[in-house]
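Look for chain A in each of the two complexes below; its partner is chain B in the first and chain C in the second.
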Partner chain A sequence: MSNMAVCVAVIAKENYPLFIKTTPTDNELQFYYTVHTSLDVVEEKISSVGKNANDLRELYLGLLYPTEDYKVYGYVTNTKVKFVVVVESSNTSLRDNEIRTMFKRLHGAYVDMLSNPFYNPGENIVSRKFENVVMGMMKQD
Partner chain B sequence: MASIGKQKASNLDKSLSKGKPEVNVATFALLFSEIVQYCQNRVYTVPELQSKLAEMGQHVGTHLLDVLFVREKGFKREIKLLSMLIFIKSNFWKTVYGREAEKLEQANDDERTYYIIEKEPLVNRFISVPKDKGSLNCAAFTAGMLEAVLNGANFPAKVTVHWHKGTCFMIKFDESVIARDKMIDSR
Partner chain C sequence: MSRQAARTGDPRKVNGELFTLTYGALVAQLMKDYENDDEVNKQLEKMGYNIGVRIIEDFLARANSGRCNDFRDVADVISKVAFKMYLGITPVVSNWSPAGDEFSLLLENNPLTDFVELPEGHDSLNYSNILCGVLKGALEMIQMDVDVKFVQDHLKGDNITEVRLKFIKRLEDAVPVGED
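Showing the complex of A and B:
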């Protein structure tokens, strides 16, 4: 069984990274580029051109773009904090529904983390609990 | 195995009730009084005190916004101005003060301005303003919360507090919010 997710990133409203975790590989930097590139697609998806109001209310953005080896999915919270998850293209067990559930779990963990009065929105995320949830999403089944 | 399924649902099968997350009003009043005193000791003028209170309210607002949306909105964002205001009037107010806000009005002469009017807000219940601080309204704390919630949800606005039919929160939205709302409505 392959990995669940190979990279999970949380990006602030102003598009700087709050948290990024990748599976240990030689080319971790590549994931940073992939996530960075995906932000343009996120921006495009949440801009209100040519969609009806109901689509705009959805937090889950779906597949942002596929590359040869990876698929990149996006999610934007109501405060414009972005979650980006990268999975391997070869992983066929992850369908849209599983990804959606994954994002909901991530959102839940983010909100729990945000409820900590010592965390100021916009700071880097250092919460152990949040990290554990992310690790759970990335570990081998 | 089949017989187990037919049995009457026991308490263990029922989902947990949400309960009432209420706090003693005395506890709240004590805490809020301490907040006001804390701010009072660090400022010189009434406007300064109000902005200090608003600043503290903003902290509460930013932390509350995401939690509220996840709990009440079922993984949807709010994009319409009016639905957002109604969300504040009902859901937000209920969570924070245990009941809905009394009145939500739009200004007659300005589409950017809305009012939320409360005859006696909870934060002001035990506060009698001294004579030398005539215009002070400690509900500035709530105004700060509102401002943080609106700004966080991408409805940039300024919220100020006034004495008018009780306490009146004046919400003045940014021009861009009105423009965007018209664009969404036209579709």
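Showing the complex of A and C:
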């Protein structure tokens, strides 16, 4: 009940979106914009993290930046695929640990989906199972 | 003997993923090459047949299971010994026809299809069709002509994967069908 994201995005290493899911609102475009701007912060963090980014702590980028309504968290895999999660600022009960778990699940679901022989890396993600995992961590109205 | 026992144990877990990914790559490549689901099904069955005629020798050498008295024994050996030995799963034998010449194998989980989701528009693809070929080829080498096909498939939305085996006839002077 408490780990609910408002928007989840998966970005390819070339920085185009593979998958974006938002809670249905009027200004979905706002989320797309937020995710897009957060990529700059992600790039900055990646270049400053050391060469051995094997530790989960270093894959997890933490809070990227807060806006007045939302907080944006980032996570990057060793293959430079990025996950971005947006949560509401009012959701103060969400702890860092829970965000980490969320990313871990996302990463797991991504890997499972990638193992599908019919998915070509770099394609838009249409996998039902992956979507279900994401829906499971998003806020349901 | 002990080394063989280790092979059938848990170390298979790591090789299993490689096997799944390899089979997946194979099917994906076949789909790209032939672009026609039925053609891919046929090719998978052909490949399975070629595997089957060879794997039966390996199986008989390793399993030491003795003669089967009737088709029911065959079904039990296939599900409890053969599947367990090669895929590490034990399908359930069920749905016997009244004449005792047809039965179904129900597979709860299929190691070939871990992580697989069929793409849109390919509903007639029998992803694990290689299994049908393997069974047909193997049984043909022990003088049984069987027809094997998928009835239900987990990948297509059914709850369970079901393979139906139908005994057609006994083969005398079994010479394998010429492989073109």
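One rule holds for everything that comes next: the second predicted complex is superposed on the first by the 126 of 141 C-alpha atoms of A that agree within 3 Å, B and C clash if a C-alpha of one lies under 4 Å from a C-alpha of the other, contacts with A are read in each partner's own complex, and residues count from 1 in each chain.
Going forward, a contact is a pair of C-beta atoms (placed from the backbone, for glycine too) under 8 Å apart; a residue touches a chain by one contact, two chains touch by 3 or more.
Being a predicted model, the structure only gives us computed values, none of them experimental.
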**Request:** Pick one for A:Val41: touches chain B only (first), chain C only (second), both, or neither.
**Result:** neither
**Prompt:** Does the superposition put A:Arg128 against chain B (first), chain C (second), both, or neither?
**Reply:** second
**Prompt:** Which holds for A:Ser115: it touches chain B only (first), chain C only (second), both, or neither?
**Reply:** both
**Request:** With both structures superposed, pick whichever of chain B and chain C touches the larger number of chain A residues.
**Result:** B
**Message:** Is A:Thr77 touching anything from chain B or chain C once the two structures are fitted on A? First, second, both or neither.
**Reply:** first
**Request:** Return the residues of chain A at which the contacts from chain B and from chain C coincide.
**Result:** 115, 117
**In the complex, chain A residues that touch chain B** = 48, 52-53, 56-60, 76-80, 104, 107-108, 110-111, 114-115, 117, 121
**Asked** Mind pulling up the chain C residues that touch chain A in the complex?
**Response** 17, 20-21, 23-25, 27-28, 31, 114-120
**Prompt:** Mind pulling up the chain A residues that touch chain C in the complex?
**Reply:** 112-113, 115-119, 126-129
**Message:** Please output the residues of chain B touching chain A within their complex, sorted ascending.
**Reply:** 59, 62-63, 65-67, 69-70, 73, 75-80, 152-154, 180, 183-184, 187
